[in-house]
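Notes follow the structure.
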Amino acid sequence: MPGLRLHLAVAVRSFRRWSTYRAATLSGIFTNSVFGVINAFVLLAVWRANPGAGGYDATDAVTYVWLGQSMIMTIMLWGGGAPSDLAERIRTGDVALDLYRPVGLLSWYLAADAGRAVFHLLTRGVAPTVVGALLFDLRYPDGPLTVLAFALSVALALLVSFAVRMLVAVAGFWVLDSQGLTMTANLLAIFFSGITLPLVLFPGWLGEVAMVLPWASYLQVPADVWLGQRTGGALVGGLALQVGWAVLLLGATALVLRAAERKVVVQGG
Amino acid sequence: MPLIEARDLRRDFVVHRRRGRLRRERDVVTAVSDVSFTVEPGEMVGYIGPNGAGKSTTIKMLTGILVPTSGHLRVAGVDPSRRRTDLARRMGVVFGQRTGLWWDLPLRDSFDLLARINDLPAARYAENLERFTSLLDLTALLDTPVRQLSLGQRMRGDITAALLHDPDVLYLDEPTIGLDVVSKARLRSFLRELNRERGTTLVLTTHDLGDIEALCDRVMVVDHGSLAFDGRLNDLRAHAGATRTLVVDLAEPGPAVEVEGAQVVRVEGPRQWLSFPADASAAPLVAALAARYPVADLSLQEPDIEQVISRLYSTARPG
Amino acid sequence: MADVLAPARPRPAAVLRHARTYLRLAAAWVRSSYSYRLSFWLMVLSSFAVNAIEFLAVVFIFANVPDLGGFSLREVAFLYGTTGVPMALANLLVGSVEDLGRSIRTGTLDQMLVRPVPLLVQVCSDRFALRRVGRLGQAVAVLVWAGLFVDWSPAAVLLTLVALLAGTAIFFGIFVGFAAIQFWTADAAEVANAFTYGGSSLTQYPLTIYPRELVAGLTFLVPVAFVNWYPALLVLDRPEASGYPGWLGLASPVVAALVLALAGLVWRLGVRHYRSTGS
């Protein structure tokens, strides 16, 4: 299938492009690790004061912190990645060239972002986890099935985050200055992904709502799968939540992209 | 007193080369090798050489950005690497491929910033801004962000920026790179005028020998870090062993002519090409020819500077 | 080359002149960024909100626990504010130094080197981002709220003000010193974040939650503990909590001077390295 091979090539090229920034990758790993240490001690203090907070134990909490540091770049929690390239091409008008390609924009950029994500998972995902494992007692998946479910959950996390980042980027077709939108999207991701504080510590109804928002797919669901907090029905439920948001948001992105293409064709950019 | 005085100026770089996966080798590369020259106030000097010959390294040392490894260097009487900021008030620098203007700001804001940086009195700033922007045709573009300017417009903006504080010396690193013919011509005439009116010393590096022919009475050719030539443009031709060519049209086709001091390099029907040293006079040659052969027409071809330079590089190569 | 490494001579006149140049350069950037008014205020708001979210997380933590490392929400808020304000001030004034690597890659640094203003003044004022007042506003708000519950005496007020100033100087030094790493590796900008923003994150909480070794490191190696922790213990009247002598709370200005001197030295070494390699 030529389409598949093309997308694979796009992903590989994207992987290589990111892998050229060696010093940046190393310094990023260092910084992620430092913040991992800080957050781990903060949560350890929380769980010392309340050993059962949020249904986690202290080991779960520390493991959550390190998983979070590993996910930041993999899913580009603070925005960026391939959708940023698209936003830039929309701004400069170069996107018109993309639209003439016989390949869909969505799958093209998804392939590029996937290549990038694999690079970040292998470097800035794995390395801080290793640092965390050396410094702290972590919880590990209790079997191959959990590992498999975690891998699936991470892939779904990437899909959801990709779709959200794409929606923001594509808005650039209509909004001249999408700064406000980008900013809002980043704030929501920082707060509701659980990177600042595990969603299990969010009080009352806010916690319940946060658990089903799209950003819960970014970190909370994959982490719960890894920690064994979700098994059986809850596991299926978590993955289903991610699949649901991925389908919904990717679908929305595809629709918006089609409208954008029509706009460019009719108005000539 | 010379404005620039360089004696045995040298700059070495340590480079690490990858050998295999882990091993690295340390190598010392000499970018500028014991170069000596002086530049008098008001001179226009062309500094030319192939890529990697050490032109930019020299400019960086002259401006005080880079500290020389060894040697003696004085610009306006001071050591540039120690008195960089004092010297900065007396020099303007334009790096052709990089802009010193602020990308996101309108042209005018960049000029304002530079005026503040240089502590320019408001009146003199206003006067110079008015003067240079009208001479360089930038007045209409003052409110345009730099990123929206064309290459030629940006270069003119950079030159204005470098001149706002009335520098004694202007360094231009590849000022015409990427410019179209019209922009080049305009820029060259502006620089000539600047030199004539204000006596601004000009040091320019370039790939474009047209810049040299239009602007510089003196050329320094650098190759592999060493000065291969330093002198007048005309002398460069002789120095490099360049030849001029006399094209002779005889009344009818014949065998190659024979005259003292010249060599026939090509024969085509009645037309013959005679090559002779660039520093020899053509008059005795013409006289000798006319005395012995039926000459219908004559023309003289000067050596072009590209040919001169490439000859120079091939003879200057060590080993 | 001896003069390159000579310690900075803090001549008052020169310092004032450089400060004035800094302000004029910064003002030009403010004028230009403020011409996009809506965008400017959005960025201010964003800067405020990101930090507000961070503090909200602290509040949420206290929905789960009665105290953190033996400190109440109000006390933690005081720590948060007394590190947040200096960090925000330093970030506002010299945060642009983080972009040093970009200036090196794009050649902007060479352009700065041929101008008659000290490099540090130019680098720190380059792209001066007034939007960072958002962070400052948030930190001040938290500090004011926490201050409502402090038992103020004239000495405590003075100590707090001195600590805020010294803290700003300490973060100033950390920003500059660690950014100077980029003179050697232009791509390693993020390492500095671990010490600047990391240092401020660490000190938002009582240091009692960290192991002794880490607290020693924050006292003697990267002395961010002097930004707020030791002075705040005196202000909050809990001098015993740190396990170190209480008078450390008075030492912040001395530590700040040391950090500034060291940062200046590293910066000079960095500039010297750059000027002998040219890249």
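Brief remarks follow.
Labels A, B and C are assigned to the chains in the order they are written; within every chain, residues are numbered from 1.
Just so we're on the same page, contacts are C-beta pairs under 8 Å (C-beta built on N, C-alpha and C of every residue); 3 or more make two chains touch, one makes a residue touch a chain.
All values derive from a computational prediction rather than experimental measurement.
Seen from the C-alpha centroid of chain A, the farthest chain centroid is that of B. The most central chain, judged by the distance from its Cα centroid to the centroid of all protein Cα atoms shown, is C. Measuring from the averaged C-alpha position of chain B to that of chain C gives a distance of 47 Å. Averaged C-alpha coordinates put the centre of chain A at 53 Å from the centre of chain B. In whole angstrom, the spacing between the mean C-alpha positions of chain A and chain C is 30.
Looking at chain B, one finds that none of its residues touch two or more other chains.
Annotation for chain C: no residues touch 2 or more other chains. Contact residues of chain C toward chain B in the complex are 1, 3-4, 21, 24-25, 28, 31-32, 106-108, 110-111, 113-118, 122, 272, 275-278. Contact residues of chain C toward chain A in the complex are 36, 38-39, 42-43, 45-46, 49-50, 53-54, 56-57, 60-61, 63-69, 185-191, 193-194, 198, 201-202, 205, 209-211, 214.
Chain A contributes residues 21-24, 26-28, 30-31, 34-35, 37-38, 41-42, 44-46, 49-50, 53-54, 177, 179-180, 183, 186-187, 190-191, 196-197, 201-203 to its touches with chain C in the complex. Within the complex formed with chain C, the chain B residues making contact are 13-14, 57, 60, 63-67, 81-82, 84-86, 88-89, 91, 93, 95, 98, 100, 104-106, 109, 112-114, 116-119.
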